[in-house]
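Two complexes follow with chain A in common, the first pairing it with chain B and the second with chain C.
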Partner chain A sequence: MKKAELVIVGGGPAGLSCAIEAARLGAKVLVIDENERPGGQLFKQIHKFFGSREHQAGVRGIDIGTKLLEETAILGIEVWLNSEVVGISKDKHIWVVKDGKTSLKVEADKIVLSTGAIENSLNFPGWTLPGVMGAGAAQTMINIHRVTPGDRVLMIGSGNVGVIVSYQLLQAGAEVAAIIEAAPRLGGYGVHTAKVRRAGVPFYISHTIKRALGTDRVEGAEIVALDAKWQPIPGSEFILDVDTICVATGLTPLAELAWTLGCCFQFVPSLGGFVPDHDQYMETTVPGIYVAGDIAGVEEASTAMEEGRLAGISAAAALGYLSGEERERRCGEVWDRLNSLRSGPYGEGRRKAKELILSTEGGIACDRAI
Partner chain B sequence: MARVLNHIILGAFPERRKVTITVDGVPMEAFEGEMIAAALWAHGKKDLRYTKKHNHPRGIYCGIGRCTDCVMIVDGIPNVRTCKTPVKDGMVIETQKGLGEWKGGTGHEES
Partner chain C sequence: MTVPSDHPGVKLSGAPNREEVRNCPGYPGEEFAKKGPIVFIECVEEIPCNPCEASCPRGAIKVGKPITNLPVLDAEKCIGCTMCVAACPGLAIYVKDYTYSETEAAITFPYEYWPLPEKGQEVTLVDEMGEAVCQGKVLRVANPKQYNHTPLVTAAYPKEFFEQVKSMRRLNK
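Presenting the complex of A and B:
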């Protein structure tokens, strides 16, 4: 069986930043990712990032991804691609399926889970028809596979994902018939919302989808207005002529591996739901298992990278590459940056939610007996 | 559905070898290495499988290998996630009905 000091599951911005940090400190790192190339969501993000300049705002996600890959290569970090982690035992044996057919096992001293998040679905009559898909799926299709999901799209959800993917659908040559939002106000950052509005896409607030039309594929969508109590207003229905319906109603941490490892969880709606409980070093309630990035609470690539660094420093220290004092100093620096990222009207709520996780002991599904 | 040939930020469609795959017995042109599901959608085929109980069609839902909506029979092996399986020359692809039928190969190697 292969042995590795530190195995990082998921090579997105969190996992790669973690790998770079730990490798620089001397740890022997293995990154395992299920895709053809690492980078996670970054290679789908062709827009200029939000945030402050010191955190690479104004730089496109794809360019941040390229930089991370370069650093990973320079440091000679081992990366397994097309490799899915399908299980981890409590004694840190990792079961990997490579290329969809080869079974491999790895024994790790420390493990970082940086598996990201999964899109929430929305159930309405017709939601399983071909043509209804996650907004992230549409983004993957246009920016990675270079195929538009359809000609005329309805976007459900006006948050950042909804408006950014809408704009990218326009850039790919599709038409966006409308963006609907159940809440009485729009959810995305002003810059991105304004870009889509300027392009002429209509927004409907206090509206939701009633059903998708079509038998073999989407042929339209019935929309309905909602009253102040979020109840459908009879008679307000109308049909939109679309062949694609994209669902952008938030993300949930992708944490199955943490569940099966027996990690404790906390339910934090503002971070996407059930989040593996962790301390300020990103260690979960199972010793030697760390989390970083969207799995530890759905946020942004900028925070994911900083959390990856925290996990990398902590794991390297636990492996003996850093003194306790040096770990404190380095983690403190990262925390200063994280606190500045989690400020302002959009960040404050996330900072408070994160503080809650750090200050609460335990949570649900505790399995401390391991 | 159409291929995004010229993209304002990503540039021209990446150069790839044209190959031929067979979809439900009909030859179809695709690019080597692109995801099977993407190639099929580019040709307007959106129903990738039909469910066991109600025979309802399914297409691409998550696009990243999580939901299994897109599974098809590829070279005799059922339940292959076509959104994350790259096209190879000569591949034989079938729309999957229900749980599909195992037509050969173990599909699995131990190492």
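Presenting the complex of A and C:
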């Protein structure tokens, strides 16, 4: 059986940052990712990121991904691609399916789960028609595979994912017929909404989809206004001429592996739902199992990278590559940067939610509680 | 002559309205807006972001700490050099020059769409809601490496539409 000191499940910004940090400190690291190329969401993010210079503000996500891959290569970090982790036992034996056919086992001393998040779906009549897809799927098509999913798109959801993918659809040459939002206010950053608005894309707040039209594929969408209690207003329906419907209604942490390991969870709606409980070193309630990035609460790539560093530093220290004092100092530096990212009207809510997780003992589905 | 558009603002219609723009500390103010080339920063929400600050060679933009502060423009120092226009990840900055000619003003804005317009081309200029305001003539399209794939388009247009114009209508493929 293959042995590794530190196994990182998921090679997105969190996993790669974790691997780089731990490998620099001397740990033998193995990164396992199900895709043919590591980087997670980053290679789809062709827009410039926010933040300060130390958070690589102004750099496009795709370029941040390329940099992480270069560092991973320079450090000689082992990366298994096309490899899906399908199970982890309590004694840290990891079951991997490679290339969809070979079954492998890895024994790890420490494990970091950085599996990211999954898009929420939305059910409405016609939602199974070809042409209805997650906004992330549309983004993968335009920015990775370079094909547009359709000519005229309806975007459901005005959060950052909805508006950024709308902008990128325009850049790819599609039309965005409208962005609809069930809430009475738009969700995404104003600079993102302003960008698509001046490109001529209308927003409809307090509106939702009633049904998708078409028999073999999407041929239109029926939209309806909502009242103050989020109930459809009869007679307010209208039809949008679209051939594609994108759903951008939030993300949920991808935490099945943490559930099966018996980690405690907390339910935090502002972070996407059930989140594995963790401390300020990103360790879960199961010793030696860490989480980082969207699995630990849906945020952003910039925070995911910082959390990855925290997990990398902590795991390396637990493996004996760092003194307790050094761990404190290094984690403190990362925490300063995290706190500055989690400030302002958008970040404050996430900071408070994170603080709640750190200050609460145990949680739901806890082995200790059973 | 069209009136500057009035709408409920950034959280309801997507784009900041006239009041939000004018209340923002990145607005140069009446005194400086028409004196010559000057920057307009439409950054109305406190998000953690500050590349504009370091991009300014004259130290005219201040964010400071915490980085969620809105950028504050020192209009006296700004010469409208456009360095911050390409640096802003939110594409929320443009430069206008009321004094471009006797009858025309000029605007330089970020434009990340394909195809790019060409020098001399007639384009439709739009307001923050994407509504057509007037026609304009492209004076320059700059896309050097340091802009990192955010080309800047400069267009001249009638002075009477000085305030409304924010960008241009996308060109057909």
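The working rule: the second predicted complex is superposed on the first by the 367 of 370 C-alpha atoms of A that agree within 3 Å, B and C clash if a C-alpha of one lies under 4 Å from a C-alpha of the other, contacts with A are read in each partner's own complex, and residues count from 1 in each chain.
One rule holds for everything that comes next: a contact is a pair of C-beta atoms (placed from the backbone, for glycine too) under 8 Å apart; a residue touches a chain by one contact, two chains touch by 3 or more.
No experiment lies behind these values; they were computed from the predicted model shown.
**Q** Identify whether chain B and chain C fit side by side or clash on chain A in the overlaid structures.
**A** They fit side by side.
**Q** Between chain B (first) and chain C (second), which does A:Ile205 come into contact with in this model arrangement: first, second, both, or neither?
**A** second
**Q** For A:Ala137, select first, second, both or neither according to whether it touches chain B, chain C, the two together, or no partner.
**A** first
**Q** Which partner does A:Arg197 reach: the first (chain B), the second (chain C), both, or neither?
**A** Once the two structures are laid over each other on A, A:Arg197 reaches chain C alone.
**Q** Which angle, as a multiple of 10 degrees, do chain B and chain C span at the CA centre of chain A?
**A** Between the chain B and chain C centres, as viewed from chain A, the angle is 100 degrees.
**Q** In the overlay, answer first, second, both or neither for which of chain B and chain C A:Gln171 touches.
**A** Both: A:Gln171 reaches chain B and chain C.
**Q** Could you say whether A:Gly347 touches chain B, chain C, both of them, or neither, answering first, second, both or neither?
**A** It touches chain C, and chain B stays clear.
**Q** Quick check on the superposed pair: does A:Gln280 touch chain B, chain C, both, or neither? Answer first, second, both or neither.
**A** Neither chain B nor chain C is touched by A:Gln280.
**Q** So, A:Leu186: does it touch chain B (first), chain C (second), both, or neither?
**A** second
**Q** For the combined overlay, can you note the least CA distance between chain B and chain C, rounded to whole Å?
**A** Value for chain B versus chain C, nearest C-alpha atoms: 5 Å.
**Q** Residues on chain A in contact with chain B in one complex and with chain C in the other?
**A** Looking at chain A, the two contact sets intersect at 60, 171, 173.
**Q** List the residues on chain A that touch chain C in their complex, please.
**A** Spelled out, the residues of chain A in touch with chain C are 47-53, 55, 57-60, 170-171, 173, 179, 185-186, 189-201, 203, 205, 340-341, 343-347.
**Q** State the interface residues of chain A toward chain B in the complex, per the touch definition above.
**A** 34-36, 46, 60, 100-104, 118-119, 121, 128-134, 136-138, 140-143, 145-151, 171-173, 216-217
**Q** Spell out the part of chain B that touches chain A in their complex, as residue ranges.
**A** Against chain A, the touching part of chain B is residues 1-5, 7-10, 13-14, 34-35, 38-39, 41-42, 46-48, 56-66, 69, 80, 83-86, 107-111.
**Q** For the complex, which residues does chain C have touching chain A?
**A** 10-16, 42-51, 54, 66-68, 87, 89-92, 112-114, 126-130, 148-150, 166-167, 169-170, 173
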